[in-house]
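Report on the following structure.
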Amino acid sequence: MSDAYVRVEDLKVSFPTEDGLVRAVDGVSFSVERGQTIAIVGESGSGKSVTSQALMGLVNKRNARVEGRAFIGDNELISASDEQLRKLRGAEMSMIFQDPFASLHPFYRIGSQLVETVRVHRQVSKDDARTEAIDMLARVGIPNPERRIDDYPHQLSGGMRQRVMIAMALINGPSLLIADEPTTALDVTVQAQIMELLAELQVQYNTAIILITHDLGVVADVADEVAVMYAGRLVERGTLNDIFYSPEMPYTVGLLSSVPRLDAVSERLTPIKGQPPSLINLPPGCVFQPRCAAASWLPDNACASERPELLSVTSTHSVRCLLDKTQRDQFAAESLAAAAGRAGGAS
Amino acid sequence: MSTDTTVPPAAAPPPSVSGAVTGLSLRQLAWRRLKRDKAAMFAMWLLVAIFLTALLAPLITNLLGVNPYDFDLTSLDPAQGSLPAGPWGGASLDHPLGVEPLTGRDLLSRLLFGARVSLFIACTAVIMIAIIGTTIGIIAGYKGGWLDTVIGRTTDLLLAFPFILAILALSPVLTQRLQAMGLSPESSRVVYLVLVFAFFGWPYLARLIRGQVLSLREREFVEAAVANGAPTRRILFREVLPNLWAPIIVYVTISLPTLIATEAALAYLGVGIVEPTPSWGKMLADSVRYFAVVPTYLFIPGTALFIVVYAFNVFGDAVRDALDPRTGRNVR
Amino acid sequence: MTAYVIRRVLTGLLILVLLSMLTFVLFNALPADPAALTCGKNCTPQVIEANRIRLGLDLPLWQQYIEFVKGLFAGRTYGSGTATFACAAPCLGYSFRRGEEVTPLIINALPTTMYLAVGAFVLWMITGVLLGIYAALRRGRWQEKVTLGGALVGYSFPSFFIGLLLLFFVVIRWQLLPYPSYVPPTDNPVQFFQTMILPWITLALIFAAFYIRLTRNQMLETLSEDFIRTARAKGLPERTVIRKHGLRAGLTPIVTAAGLDLAGLLGGAIIVESVFTLPGLGRLAVGAVVDSDLPVIVATVLVAGSFIVIANIIVDLLYAVIDPRVRLSA
Amino acid sequence: MGKAINRGLRLAAVVSAGALALAACGGGSSSSEGSAAASGGGSAEGASGGTITMLTNAEQWQHVDPQRMYTGADIAFFSGYTTRTLTQYAYAAGEAGTELIADMATDTGTANEDATSWSFTLRDGVSFEDGTAITCADVKYGVSRTFAQDVITDGPTYAISYLDIAKAEDGSSVYKGPYATDGNDAAAFDAAVQCSEDGKTITFNLNRSVADFNYTVTLPAFSPVPAAKDTGESYDDAVVSSGPYKISEYTKGQKMTLVRNENWDKASDDYRPAYPDQIVVEFAQDPAAMDQRIIADAPEDQATVEYGNMQPENLATVFTANDPRFEGRTYNGYDPYVRYTAINTSLLPNVKHRQAIVAAMNNAQYIAARGGDFAGERADGIVKPNLPLDYAPSGIWDDMYGDVIPAEGNPELAKKLIEESGEPMPDLTYQFPNNPVDEKIAAAIQSSMAAAGINVTLEPIEPGQYYGIVFDPEQAKELMRSGWGPDWLNASTVIPELLGQTGGFNLSQVQDDAYEAKIQDALKILDRTEQGKAWQELNKEAMQNAWVIPHLFGKAQAFWGSKIGNGFLWDAYGSLAFGDLYVEQ
């Protein structure tokens, strides 16, 4: 694992604010190979977006403290200079965002935004870059790319815009693509198309993908590995099977049981009760303890006083929880059965 | 000058701060932020002091043994064209800030009394603006339709009106009208100023409020209230209005200093308060003729005006930051 | 696009018509007797009556308005018999107080106001926008605090107080400049600049302070937009991000504000013109108010308002040129 | 003083005993040497050439049209350069400056026995700027324009009052001036103003005895206008000169340039020295800037004159500093005006109330508010000592009301008078034009009255509407700001105007028949000294009736550049003798 192509080791990001130090990301480690996809899931505010932005070097260093190490191949990202990072961005690693409309510059034609991306990293003539751009637009499935290239973003539909974003992200053949909620702003049918496209292109370009999402349905379709984040920490990490079929951390279990299964006709989610904690004043024990239904299973209120470590369950699966293995399995089994019952009963 | 009071559309919140402080209402949050801003707190206490001074002006001047209306010919030099006798504008123990040329009236007491008029006009006008602007903004935003169009065109029209010029030009005819209605010359001018400030001031706020109401109307709690069959008035006052306090407060704190300065500017141009009542703008207008020979007469009301406007601006900025931290200067 | 232009111009014209009506009604209907304002002390009822007829004030208000509009486009005549005189289009009325047509009065006063407004405009846009961008880029650092603090101070100075302070120190105390006395630039460029420099600074200072704040806020807002993040994620150098992607989007709203502010000033920078005795539109208007010279008041209000309306149209059209969303969606 | 206030004040003429004697003794012809009085103190032979620059803060002339001009200094200016009249006053300082001399006429006029008909004969060689000779018809046409009251506004109306033309029922003249067509009795005018066959002699037939009609014709309203060039209303912008200069440029708000009139024949005009080559008037100047420029006396400003009064704050610098720089560049003397407050008798019929108001007045405050010593002296009536024959101390401040009234006022006396009146003093309103000077005066009046327990509300009025309101009986309140200067050196242009029932400026709304009869009697007295005595009595009686609060006999100060010659206070108009100025070469 330590020689994987993309490695993140003990990443910490914190923001000093008037109200105190906000620990947005606190000791996150994971890795992903080229051609593989890791999904980072969690509620909003869990630190998944900050993690990705820290990797891209998009966190303003004046506002934030970033510690730890992260590699793309031989390039260390955290200690890299701004200029080194800039050269990697858009070439070695690129990113697509949640809202393709806001993410494209409204005043420039999509062609020029693509051409710009090419020419900032490679010595290519304008015409060649344009040809490349048209080619790339065709690859992401935009009909009539020769004509569409002169459109402004607002003339395109949401799905088309996200295709343009993907084209822009992949045009320089990056080895890492970070997709930050790439389909949240799109409607359901388009969502599937976009995810399909990403999967296709991942094969073509042999790209490592970090998929940031709170949509477990999407995760199930594309991820090879899953990392669950809560309050800035990784609380569980494993293969897709590990997480979906033998979740151990009560929070993961909660997430899974809150998701309407694809086979269940859409019903109201049963969100986990309570609010995520303030990142300034983290409770002393397990960060999930105040919302954890299993916290009372341990004597002496241990969850409230002792901070759990990330422990390996199998070679691919680790979890951060004070319960022992049997308690965790029992909790998961009970919760998921109850959720399935609700879903089934409703259908 | 166009105003920069539009609350900008919500930008993406800075990472991780959202949810950082939970369980506090917006008001409590804003107050906490405001309290932490030392400059704003200083400005606030300064303003409180100024308001108190203005309120208690008669008491204070009585204690000091001065009076804004009494002529004091002994403090003037008739051979110098009735300029104050002595340096620093005739400052003495009797008249700590000197006296007014031509009359020998005490400047300190005129300054204190002058604050009353300036602040009264600005505060009354801003309250009227808040009431009218909010009401019309809510109606336009909530009712929509032709009413919204009519209100929209009216605001366009009023915003296109060169309002300083209009206030200036309408002053003689309208104050005469008000006098004909039985007001004294002095109160007719005060009422006139308040009315025109309100008349030309509401469109900005109405636009702002209309935008807010449009987005509020779509929000769940309003929809829920409508679905529950709540009467319109109840929805507006119970559901919508409480969510408009932030933009209204921001607008008010920003308008006040502008109105104070505008009142002074109009007095400078000859529209405003009637003798013998002092106002800062009028003192400044008077001092213009003497500023080469009695510069203190210019500096005293000018500095006072500057301090009040500045304090209001500092405080207003801080209030805006506190209510809407994203645009604030204090977010690092 | 063409449809948009036509629609925008048409609504602008509608506002202009409404503005002229409002102005006309406001000033002609409110005074007890507009004709009584046409002559001074020697006014006998006969003279007032004669002037009422000569000025067309005996007509119902709506007819007067039509006459006024007719005068604007086709010219009109006043009086009858041998004392008739014509007022050629565009006729904004006739001032009995001055014994003059209003149009040339406005035309004579306009250049001064224009020099004042445009000079100050250039000054404040350069300093205000540059410092605003600077403050935005130095966000959270002492440079931003100093710039914004300075802007707030400048913003809090009533403009006539600044003008008088400058006059007192620069001209009277330190005698760095001669006492301002306006001449057209064609007559004596040196004296023109010596006269205009303080008014320009006075006017520019308060606007610059305002534009520093406006620009900074706009820039910060723009720099927090998603497309800026995209630009950075593409690996564009920070300079390109700010110049190409940030400035264009960030400064577009400033264009609107600037256009309207300039137009507002063209209608008469009343206070600065009064402080420095510049013979511009603002001073013409103030003089007309003092003299109760109704036709001049109506005309100046109308001209000033028209500038704002026309500027609104121009700014909107300009906006369409800058921002393709407006241009193409319309 | 703002120009709007000027509008209410008429031109001044200050009388010298000598000139009066001339006017008075004849009752008929007064023959004066028709020569420029270079002999008079202050006026000296000057150098020709150069440009004189006048600075004014006004945007433009109130009027250039001679029939509409009615402000002392403006008349002094235009009569010196472009507008010739039948008679004028000599260029001289002091009393000599009020001596009547012939201008366009060969002498100062000939009257019949009872002074109801006056004749003037034109000199040879007088012409307009286009070279056409000026005839009697041109003068007659000029006079006729005064009757077109709807077009020719703002000018003096003596032609209408004095000429023997019938009045219509509404009190207006049956002759409506040269522009009117229907129902206009032009024959009546032709009968009243007659030209001799040779076009040289003009005869005015009057409806009453006017012993000093030859002073009346110094007014530009009696100057010639070529009918062919008259454009009515807009003649104001295109006047035809009859003097040594003509208007080459007049841009309102900017400047006026007068250049030499080639068709002016020096031989026909021994009154005007016409020294400079050019006169430039710069309008719309900052008042403070004007003072500064002249104080600084930079080379380009040395031939510069300030048109109008100095800024009060600079007076001390120039007048009390005893600075050699300013020696011979200033004057400080009586202006034409008496400042007073009119008391509205229709609202305050009780004489004791009015007397109480006068007694309460603190004129020391009034004078301070007007600028202290420079403003002038406390007035004791509406006739000023610059009409020596008509002035005598009225005694109002002595014990006319039962006690001495010092400059600070006598509030105790005022209270006593209110008590004697038998009714409580009503609350008063003081109306004044809204400008910085009158505002302070209003405060002084309010504060004076308060000391005597009289409540005064202040009502400022936009200057442009001031007279429209105070002359409207419906809108006039108890007290009104006022000021007046005589039209020529006779209180006949003061007392009847201010207190007579037909007076044009009767703000006090005096309707006293006995007083009116005395005025009419005084007007008929042909012996000027006797007439003066009558005016003295009437002035005293007016004070006894307390129809006005007298405040101030005003003073004026002027200031000019170091290269200006012949700068002196010309008593005729209370201004500089503009036509006599020259540039030291």
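Think of it as A, B, C and D in the order they're written, each chain with its own count starting at 1.
In this text, a residue touches a chain if its C-beta (ideal position, glycine included) is under 8 Å from a C-beta of that chain, and two chains touch if they have at least 3 such contacts.
What you are looking at is a predicted structure, and each value in this text was computed from that prediction instead of being measured.
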Using the touch rule from the top, work out which pair, A-C or B-C, shares more C-beta pairs. B-C
Centre-most chain by CA centroid is C
For chain A and chain C, what's the span in angstrom between their mean Cα positions? 53
Find the geometric centre of each of chain B and chain C from their Cα atoms only, then give the gap between the two centres in Å, rounded to an integer. 23
Between chain A and chain B, what's the gap in Å when you average each chain's C-alpha atoms? 50
Note: chain D sits from chain A at a C-alpha centroid distance in Å of 93
Multi-chain contacts only, two chains or more: what residues does chain D have there? 288, 462, 465
In chain C, which residues are in touch with two or more of the other chains? 140, 225-226, 289-290, 292
Chain A, residues touching no fewer than two other chains: 62-63
Flag every residue of chain C that touches chain D in the complex, lowest number first. 36-37, 39-44, 46-47, 50-51, 54, 79, 81-83, 85, 96-100, 105, 108-109, 179-182, 276-277, 279, 283-284, 287, 289-293
Partner chain B, residues of chain D touching it in the complex: 288, 311-317, 320, 362, 364-365, 367-374, 429, 434-436, 439-440, 442-444, 446-447, 457-462, 465
Parts of chain B lying in touch with chain C, wherever the complex brings them together: 1-2, 4, 8, 11-12, 153, 156-157, 159-162, 164-166, 168-174, 176-177, 257, 261, 264-265, 268-270, 284, 288, 291-292, 295, 298, 302, 305-306, 309-310, 313-314, 317, 326-327, 329, 331-332
Counting only contacts in the complex, chain A reaches chain C at residues 56, 58, 62-63, 82, 86-91, 94-95, 97, 99, 102-107, 116-117, 120-121, 152, 154-155, 165, 168-169
The answer for chain C against chain A in the complex is residues 140, 225-227, 229-238, 240, 245, 248-249, 322-325, 328-329
